[in-house]
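The first chain written gets the first letter, and so on, giving A, B, C and D; residue counts start at 1 in each chain.
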Amino acid sequence: MTILMENGDGADAVAKGGMDVEVSLGDLRKQLDDFAKARGWEQFHSPRNLLLALVGEVGELSEIFQWKGEVPRGLPDWNVSEKEHLGEELSDVLLYLVRLSHMCGVDLGRAALSKIEKNAIKYPVGRDYSRAAAAASSKWSK
Amino acid sequence: MTILMENGDGADAVAKGGMDVEVSLGDLRKQLDDFAKARGWEQFHSPRNLLLALVGEVGELSEIFQWKGEVPRGLPDWNVSEKEHLGEELSDVLLYLVRLSHMCGVDLGRAALSKIEKNAIKYPVGRDYSRAAAAASSKWSK
Amino acid sequence: MTILMENGDGADAVAKGGMDVEVSLGDLRKQLDDFAKARGWEQFHSPRNLLLALVGEVGELSEIFQWKGEVPRGLPDWNVSEKEHLGEELSDVLLYLVRLSHMCGVDLGRAALSKIEKNAIKYPVGRDYSRAAAAASSKWSK
Amino acid sequence: MTILMENGDGADAVAKGGMDVEVSLGDLRKQLDDFAKARGWEQFHSPRNLLLALVGEVGELSEIFQWKGEVPRGLPDWNVSEKEHLGEELSDVLLYLVRLSHMCGVDLGRAALSKIEKNAIKYPVGRDYSRAAAAASSKWSK
């Protein structure tokens, strides 16, 4: 199974339907729960253990980008093994995030929809965000 | 909309169907893309900008847990505002992860299913993982 | 050269003078600058490249602790290779932090002394910090 | 006390002696230990609490850079408040790193010198590192 698209540009690929396996957060949560139960891993899955495992995977994700300088969207110059490696690290972060949410009793899907609604109110359409983006990088403006 | 469950225990909640809004990664990707387009934010969403924003949110997630010592699954002792705050930070990490994957041209849902399959082969059922878990915390054993 | 102390307890070890090689941040900054110049690595050491490398090392540090649950101070139960591995990962974070500060034109030593002074005013001696610590884990109370 | 240099370029500033307050890791360790003892904070300073606090500060450091795209060395275009904010976040990471090392019984200064020696052997002068840097961003090549 490939995780790559013929066309490296994300936005175009969506228009082309290149990215539409429907994978739900609930499916992933259930698969990870079965996976852990089958291997006796629940004993290791305390919230802070999973959080540190997530931080570890974010570190591996960062290592992929660390010496590259800025890279264009769709990563047109990356080779197949680099993109597969990237897909695996992005997945590792997602899977620990889904598992952490589950072990904390948080419904991640509902929380995400709720956060998008909240942000739609916080950041109304039509405002000039060029300065806001700069400000967002300063703690004091929060 | 509440993102919390009556029963703090994740595993039980699943059995009770307490957690089953079906939210797909494709839905989130599309919503975030529309959100960014409507606000002219695409100019800010380069892969490394999004990666650093993700790291920032992982930091906010860690701050929630930093002074608490170990916490039990389901976070039975956390108050409502703490759990809502946690849900928001977990969501922020997810939303940047979905957006980063999209801007990198990676189908996160497919990549995640692929990684679970790969791990099912790498970690067969029936092996004793008590030592493996300890080993996993050492770089040398990888 | 060993980086470990006979006595795992940090506080005692200080009393025993077990920890007093004087290594200054300026020495480290200079050594890292010479190291990079000698190998032509300055071309790779942009601020954001170094920041992502730092995040990568924080991830490796987190991996050491991820499956262990809470661990006591001084890590009395860790074996020599685990403690050496820990010392290396702590060092990797420090070295990238020193290099990042240098490449940003920030005097890390002065900044650190300045931050301690600022915190001494922000957190006066004699206040009850048991509630403050809990509050500190909530974004809203900042 | 200012933490900034007249000249934003780190390398030049060293030549000009613009950066040479001698701050040792031992001094910082001792100051932080006194600070914590005076406020009864030792109870909160378990290794994993400090590690998560460190991750939180790395997140705040990343937020400073997140929407900026690539930035040149010395940050010539940053204003004073941005540079002071940066100095504070770099310091927060350093201070938690020093405290974490102490609470783990690791002599961070010795460990750092030891790691530089080890890297000098691992990365000999005279090799071509242009390919090595690219390779370093791939887990498989480690």
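Here is the rule we go by: a contact is a pair of C-beta atoms (placed from the backbone, for glycine too) under 8 Å apart; a residue touches a chain by one contact, two chains touch by 3 or more.
Predicted, not measured: the structure shown is a model, and the values here were computed from it.
Engineer: If you tally contacting C-beta pairs, which pair wins, A-D or C-D?
Structural biologist: Most contacts of the two pairs: C-D.
Engineer: With chain centres defined as C-alpha means, what is the inter-centre distance between chain A and chain D in Å?
Structural biologist: Centre separation, chain A to chain D: 27 Å.
Engineer: Between chain C and chain D, what is the separation of their C-alpha centroids in Å?
Structural biologist: Roughly 7 Å separates the two chain centres.
Engineer: Check each residue of chain B and list the ones that touch at least two other chains.
Structural biologist: Residues 44, 46, 48, 51-52, 55, 58, 60, 62-63, 65-70, 133 of chain B each touch two or more of the other chains.
Engineer: So how do the chains connect up here, line, ring, star, complete, or something else (other)?
Structural biologist: Shape of the chain contacts: complete, all pairs touching.
Engineer: Show me the residue ranges of chain C that touch chain B in the complex, using the header's touch definition.
Structural biologist: Going by the criterion above, the answer is residues 48, 51-52, 55, 60, 63-70, 81-82, 85, 133-134, 136-140.
Engineer: Once bound in the complex, which stretches of chain B touch chain D?
Structural biologist: 44, 46, 48-49, 52-53, 55-60, 62-63, 65-69
Engineer: Once bound in the complex, which stretches of chain C touch chain D?
Structural biologist: Contact set of chain C toward chain D: 1-5, 7-11, 13-14, 18-26, 28-33, 35, 38-42, 44-48, 51, 54-55, 58, 61-62, 65, 70-75, 83, 86-88, 90-95, 97, 100-120, 123, 125, 127, 129, 133.
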